[in-house]
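In the part that follows, the structures are each spelled out as C-alpha cells.
Next come two complexes, and both contain chain A; in the first it sits with chain B, in the second with chain C.
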Partner chain A sequence: MYTAQDLISVGISALLTAGLYAVMSYGLAIIYGVMKVINLSNAGFVMLGAFLTLVYFQQWHLDPILGAFLNLPVFFVMGWLVYRLLVRRVMTALPIASLLLLFALWLVVQNVALLIWGSEDQSIITAYTYKALALLGFRISLTRLLVFGVALAVLTVLHYGLGHTYIGKALRATVQDPQAALLVGIDTGRISAVAFGLGTAFAGFAGGLLALLFSFTPDFGGSFQLKSFTIIVLGGLENLAGVTVGAAILAFAESFAVLFMRASLQDVVAYALLVVALIVMPGGVAQLLARSRS
Partner chain B sequence: MRAARPAALAAPVIGILLALVPVIAPRNVSLLNLGFFTFLYVARGVAWNILGGFAGYISFGYAAFFGLGAYTTALLWLRGWAPVATYPLAGLVAAAFSLVVGAPTLRLVGPYFSIATIGVGEAMRILALNLDRVTGGASGLNLPTTVPSKGWFYTAALVCAAVSFAIAAGVRRSRFGLGLQALRMDQEAAESLGVRTALFKNLAHILSAFLVGACGGLEATYLQYLHPDSVFGFTESISLVLITLIGGLGTLWGPVLGAAVFYAVQDYLLASYPTLHLLVYGVLLILILLFEPKGLAGLAARLWRRMQVSR
Partner chain C sequence: MMRWVRSGGVALAVPALLLALVTGGQPAAVPEISIGSVLPLSGAFGSSGNYFKQGYSMAIDDVNNAGGLQVGAQKYHINLTILDDGSDFTRSRSLVEKLVTDQHVNFLLGGYDTSLVEAQEVVPDQYQIPYVEGGGAASDIFKRGYKYIFGTLATIYDMGTITMDYLAFEIGNGRLPKPSTIAVVWENTDHGKDYVNAVVDEAKAHPDLFQIVLNQSFQLNGTDFSPLLQQVKASNAAVFLSDAHLPDFITMHRQYLQAGMYNQFITYGARGPDQKGRQALGPGADYLVAALWWTPALKDPASQLFTERYMREYHAIPDWFQALSFETARVLVRGIQDAGSLNGPAVRDALAKVVLRNSLLPGGVIRFQPNGQVIGSYVMVQTTPGNTVRIIWPKKLPEARDATLPLPHPQ
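On to the complex of A and B.
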C-alpha cells in the first residue's frame, strides 16, 4: 500500500512539525505549571507574533527568523503587563475566572488585529521560501528545516536556563510546590509575572516562526490553541519536559492519520486526543507509563 | 423571599406585553426580526446558564447542540415533515448527544471541562463539514422557501424564550436546583451530603442541550440555508458564554439582560463594523470579571439597593 519511502518521508515531516509544536506549546506549559492558569489568550499572542513579524519584514526588511527573535523581548513585556494588570487580580477567585479573563483578552487581541490588518490572508515570502534540500533522496523544505533547527536551539537554551540560573530554578520550584517555594524565600508573585512574560514571549516567538510557514489572518491560531492543549495534556500538565513528548506524539499521530483518512479531518485527531487524554490520563503519558510499570 | 415576588410577577407581564407586538405592528419586519433573534438568544442563554451558571460548568461547546438541532430540523423538513413537528426531535437529538459527551467530560473539574468542550465543539464542526452527503458540507444546505410570516417567527421565538425561562426558574427553586448550586460551591461536600452530583450535572446538561437544540431547529426554519461553519461555529458557542457572563452568571435574569444587550450591540455594529461587536464584548467581559462578577444583573441589583438607601 505505502512504500517504506513514503513512510519515512511522512516521519520526517512529523518530526519537523513536532519541533514547531513544542515551541508553540511551551509557553502554555510554563504558565500552567507556575500558576495553574490556562492561558486561552495564547492563540491571540501567536497570531500577534505572526503579524508583528510581518510588520518588521515590511518596514525594515527584517528576516522572519530574526523577527521571531525580536518578538521574544517584545512579548515578554506584553505578558508581564498582562499579568500585572489583569491576571493577578483574579488569581484569588475561582480557577475558571482566569480562564474566562484570558478568553476575553483573546477576543480583544483578535479583533484589534482585525481592525488594524483586516481579514485578508497575509503571508511572508522570503528568498528561501520555496527552496528545498535534497537529503538522502528526500526533499525537505528549507523553511521547515530552519524552523525546526531554531526551535530546537531555543528549547535547548531554555532548558539550560531552567536548570542552571536562579530564576530558572525558582520557576521550577514554584511549579513543583508554590507553598514550599514561598517558604524558602522565593518571591512567587515575581516568578508568576516572569513566567507569564516568558510564556507570552514563546507565543510571540512561535507566531514569528509560523508566519514563515503558513499564511495567516487575525483568526489564525485557534486550531493551534487546541493542539497546544492536547500537547501539554499528553505531556502531563505540570511536566515541562513532557511538552516535547506531547508534541512528538501529536505530530506523529496527525501525520500518519492522513494516510488513513481525509486530510480535512486531520484536526479531529488532535481534538479527539485532547478529550481522551484529559479523561483517561490527566497525568500525561509519563504517568500512564509509570502506572503500567507498577 | 419577599424580594422575589415582584420579579416573579415581572416575567409573565413582560412576556404578555411582548406577545402583543406582532398584533400591534404586524408589518414592522425589522422590529419582528430584532425580537426573533433576541428571544432566541435569551432562550439559549437561559438554557446554557442551567449548566454554566447554576452548576458552574462553563461549556465552550454548545454550538454542537445548536448545530445538531438545526440539521435535524433541516433534514426532516426536506423529507416533508412540518418544521414545528421537528423541534422536539431536534431537542432530543441534541440531548442524546449531550449525554454521550457529558458522561465522560463532566467528570473533569472547572477549567478542564471548558477546554474539553472546545475540543468537542470544534470536532463536531469539522465532522459536519466533512459529512457532505448528509449536511451538504462546505457548500451548505438549501432549505424550502415556504416559510411562515415574520410575526409567527417572532411569537415562536418568544415561546421558546418563555419556556426556557420557566424551566430555569423551576429548576432554580427545586431540590435539583439546590443540588446544582451545592455542587458548584463544593462538589465533595455536596456529595457527602447526599447530592447525586454525577446524575445532577448530566441532567442539567441534557436539559440545557435539549432547549438549545430546539432553538437550533427554529433558527434553521428561519434561515433557509445552513452551513456547518455558522451553526456549528465557535462564535455560536462563545455567544452563549458571553451573553450569560455579561448578563450575570448563575442569575435568573442575567442571560435575559445579556441577550438583549448582546443582540442590540451586534445589530447596531454589524452594519458598519462587522467584527467590532466581539471587541466590545471582550472589553466588557474583562471589566465584568474584574469589577462585577455578577454581571449586569449584579450591577442592576447594586444600583437598586443604592436607590433604596438614598430614598
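On to the complex of A and C.
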C-alpha cells in the first residue's frame, strides 16, 4: 500500500509532467484549430528542436533552457516557410493530401537528422541535471521543475497574446469561424501562415525542453505525438485553453494508473482516454464545461 | 589491291596482338562468398547496430586481407552485405528474405536485439541457410526447433541467474542484508521475461537470501518512468534489478538520479559500462553492476589484442557489442571452413560441431548446444569513476576485484 507521502510525490510528478505535455501539444492544437490540419510533422520538429538545442550547447555552451527560447524564432521562420512553400498548396485538396504531405515531411526531417547526426543516442548533461530541490520532505528534480516553470510562463504569455493582440484575436476568430473571419477582413491566409509558424515554434521549443530530460535520436518525438493527439482531443480539438486541461488529465491518469496496474500498460492509458474522449465527449472537456455552464 | 589487304591485316593484327598480350596474362576473377546481415543502423537500436556492423566488418576484413577464405581447394573473397532495418521488426524480416531471394547470399549473420532476431529467425530454415547471431539472447529464440540458427550470446536467463549468484555471494560476505529485498523491473519482451524468470526462480530456491518486494514490467522505449520509479522507491528494496536496453537504461537511470533515489545494489542487466550510457549519464553511471558477455577489462591476450586493434581503427573503447559480433562472424567463417563446402546443410552440420578456441568470450571457447545456443558464460563488472570498470565475478579470474558494496550514497 502507498502512503500519503507516496501519493503526493506521484501527484507532484504528474503536475510537472502536465506542464511538459501542455507545451508539446500546443503547437499541434494551434495548427489544427486554425487550419483544421493534423500536423504529423510535429514530431519531426520536436526532434529537430532537441538536436538544435544540443548544437547550441556543444558549440556555444548555451544552456538548454535558453536554447529552447532561441528555437522559438528559428522554428517560427521554419514553419512559416513550410506553410508558404508546401502546406498552402494542398489546403484546398482533400484532407488526406495534407496528412500525407506532413507525414512525408516528418520522414524527410528524420532522415536529414540521421544524415547529419547519425543514429546514436545524444544527451545534454548540465551542472544541474541531477540536482533536486528538497521541499517539505519531497525531492523534486530541478530540471523537471525548471521545465514546468518555463512551460507555464510561456503558455501564460501565449494566452495573454491570444487575448490582447490583433494577431491573437485574429487567430481565435479564425479558429471559431474561418468564413466569418474572412468576412470581417481578416487575412486568413496570412493567419494560417502565422499559425503554422507558431505551431512549429512551439514544437521546436518543446524539443529544447525535452532535451533536458531525455536522451534522443532522430526517432525521437513519435511517442510524444500520440500523447499530444490524446491531449488535444481531451481538451477539445478547437479549444486552445482546453489543451492545458487535457494535458493535466493525461498526466495524472498515467501517473496514478501505474500505481495500481502493470507499468508496461502505461501507454494504454493514453489510448484508452483517446477512445473514451472521442466516443463520450468528442468536443473534449471544453465542450463539457460549456454545456454545464449553459 | 593486295597492298590494301596486307595493310588492313597489319592494322587489325597489331591491336589484336596487343590485346591478347594484355588480357592473356590476367588471372580469372576471384570467386566470392556472399554473407548478408540485416542490422538496425538507425532507429531505437541504431547505436548497437552500428557497433555490430563494425565487429562483422573487422572479422570479414581479416579474412579478405589474408587472401580470402579457404574452402576445400578454393579460396574465396567474402562479400559482406549489410542492410538497415531501422529497428523495425517487420522490415527486418522482409530484408532478410530479400538478401536470400534477391541477392542470393550464401550465409547470414544475425541482427541486433532479441525482437529483431526473433523476426529474422523464421527465414534461415525456410531456405536452409545457416544463420549465426550474437544479438539476441532470449532463450525463446532457441526453443522453436529451428535447425539453422546459432547464437553466440549466453541467455538472459543465465544473466539473471549469475546476477543472483553474485548477490548470494555478497549476502554471504555480509556486504548486503540477509535476506535482501529486491525490486525487479523488466522490459515487457522475451528478453525481460527471461530475466525476471531467472530472478524469481532463484528467489524461490533461496527464500532465506532473497525476498522480492516489487515485480513490475515496463514498455520498451519508454519516456517517463517516474511512476514506476516511485513504486521502486516505495518498496524500500535494498536491491534494484532492472533489465533494460540502452535507450531505456539511459532514460530510467537519469530519472532515478533526478528523483534522488538510492539502493544498495543496482544493476540494469548488461547496461552501465556502455560508452553511450556513460556519455549520457556521466558520473551518474558510476558503481552500477553489469553482467557482460565481454569487457575490455579482460586481460587475456585475445581480448587485449582486440581492444588495441579496435581503438586503433575507431579511436574509441569497444563494448561487448563489437566483440560479440566479431566472434559471431569468426564462428560462421570457421563453420564454412570446417564444412569445406558452401552447401548450406553441410555448413550447418559443421557449425553444430564447431569448437572455436582462442575466443574473446569468457571461457575462451565457443561451442553450441544441440538447440544452437552457445555454451557460454558471463563476467560481472562494476563501473568505477573515470569511465573505468572493475571485474568483480567470477572470482577465479585473476583480474577480479572486490566490488564497492553497498553503493556509495550520491552526493
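As a convention for this text, the second predicted complex is superposed on the first by the 287 of 294 C-alpha atoms of A that agree within 3 Å, B and C clash if a C-alpha of one lies under 4 Å from a C-alpha of the other, contacts with A are read in each partner's own complex, and residues count from 1 in each chain.
In this section, a residue touches a chain if its C-beta (ideal position, glycine included) is under 8 Å from a C-beta of that chain, and two chains touch if they have at least 3 such contacts.
Please read these numbers as outputs of a predicted model, since none were measured by experiment.
Visitor: Under the superposition described at the top, does placing chain B and chain C together on chain A give a clash or a fit?
Guide: After superposition on chain A, which the two structures share, chain B runs into chain C.
Visitor: Could you look at A:Leu114 and tell me whether it touches chain B, chain C, both or neither (first, second, both, neither)?
Guide: So A:Leu114 meets both chain B and chain C here.
Visitor: With both complexes overlaid on chain A, does A:Phe224 touch chain B (first), chain C (second), both or neither?
Guide: After superposition on chain A, A:Phe224 lies in contact with chain C alone.
Visitor: By the touch definition at the top of the document, which applies to A:Arg89: first (chain B), second (chain C), both, or neither?
Guide: first
Visitor: With the two complexes superposed on chain A, say which partner A:Thr3 touches: chain B (first), chain C (second), both, or neither.
Guide: After superposing on A, A:Thr3 lies in contact with chain C but is clear of chain B.
Visitor: With both complexes superposed on chain A, which partner does A:Ser123 reach: first (chain B), second (chain C), both or neither?
Guide: second
Visitor: In the superposed arrangement, which partner chain does A:Thr143 touch: chain B (first), chain C (second), both, or neither?
Guide: second
Visitor: Taking the superposition as given, does A:Phe69 touch the first partner, chain B, the second, chain C, both, or neither?
Guide: A:Phe69 contacts neither chain B nor chain C.
Visitor: Quick check for you: in the superposed arrangement, does A:Arg262 touch first (chain B), second (chain C), both or neither?
Guide: In the superposition, A:Arg262 touches chain B and chain C alike.
Visitor: Contacts for A:Ile279 in the overlay, against chain B (first) and chain C (second): which applies, first, second, both or neither?
Guide: first
Visitor: Of the listed stretches 9-17, 99-107, 279-287 or 351-359, mark the one in chain C with C-alpha atoms clashing against chain B.
Guide: 99-107
Visitor: Which residues of chain A are in contact with chain B in one complex and with chain C in the other?
Guide: 114, 119, 223, 262, 264-265, 267
Visitor: Where on chain C does chain A make contact in their complex?
Guide: 41-44, 46-47, 49-50, 87, 185, 188, 216-219, 221-228, 230-231, 233-234, 246-247, 250-251, 254-255, 257-260, 276, 279-282, 284, 410
Visitor: Which residues of chain A touch chain C in the complex?
Guide: Residue positions touching the partner: 2-3, 6, 9-10, 13, 17, 114, 118-123, 125, 129-130, 132, 139, 141-144, 213-215, 217-219, 223-224, 254-259, 262-267.
Visitor: Please output the residues of chain A touching chain B within their complex, sorted ascending.
Guide: So the residues of chain A in touch with chain B come to 38, 86, 89-90, 93-97, 99-101, 103-108, 110-112, 114-115, 119, 222-223, 226, 229-230, 262, 264-265, 267-268, 270-272, 274-275, 278-279, 282.
Visitor: Applying the document's contact rule, which stretches of chain B touch chain A when the two form their complex?
Guide: It is residues 56, 58, 104-105, 107-108, 110-112, 114-116, 118-120, 122-123, 126-127, 129-130, 234, 238, 241, 245, 273, 275-276, 278-279, 281-283, 285-286, 289-290, 293 of chain B that touch chain A.
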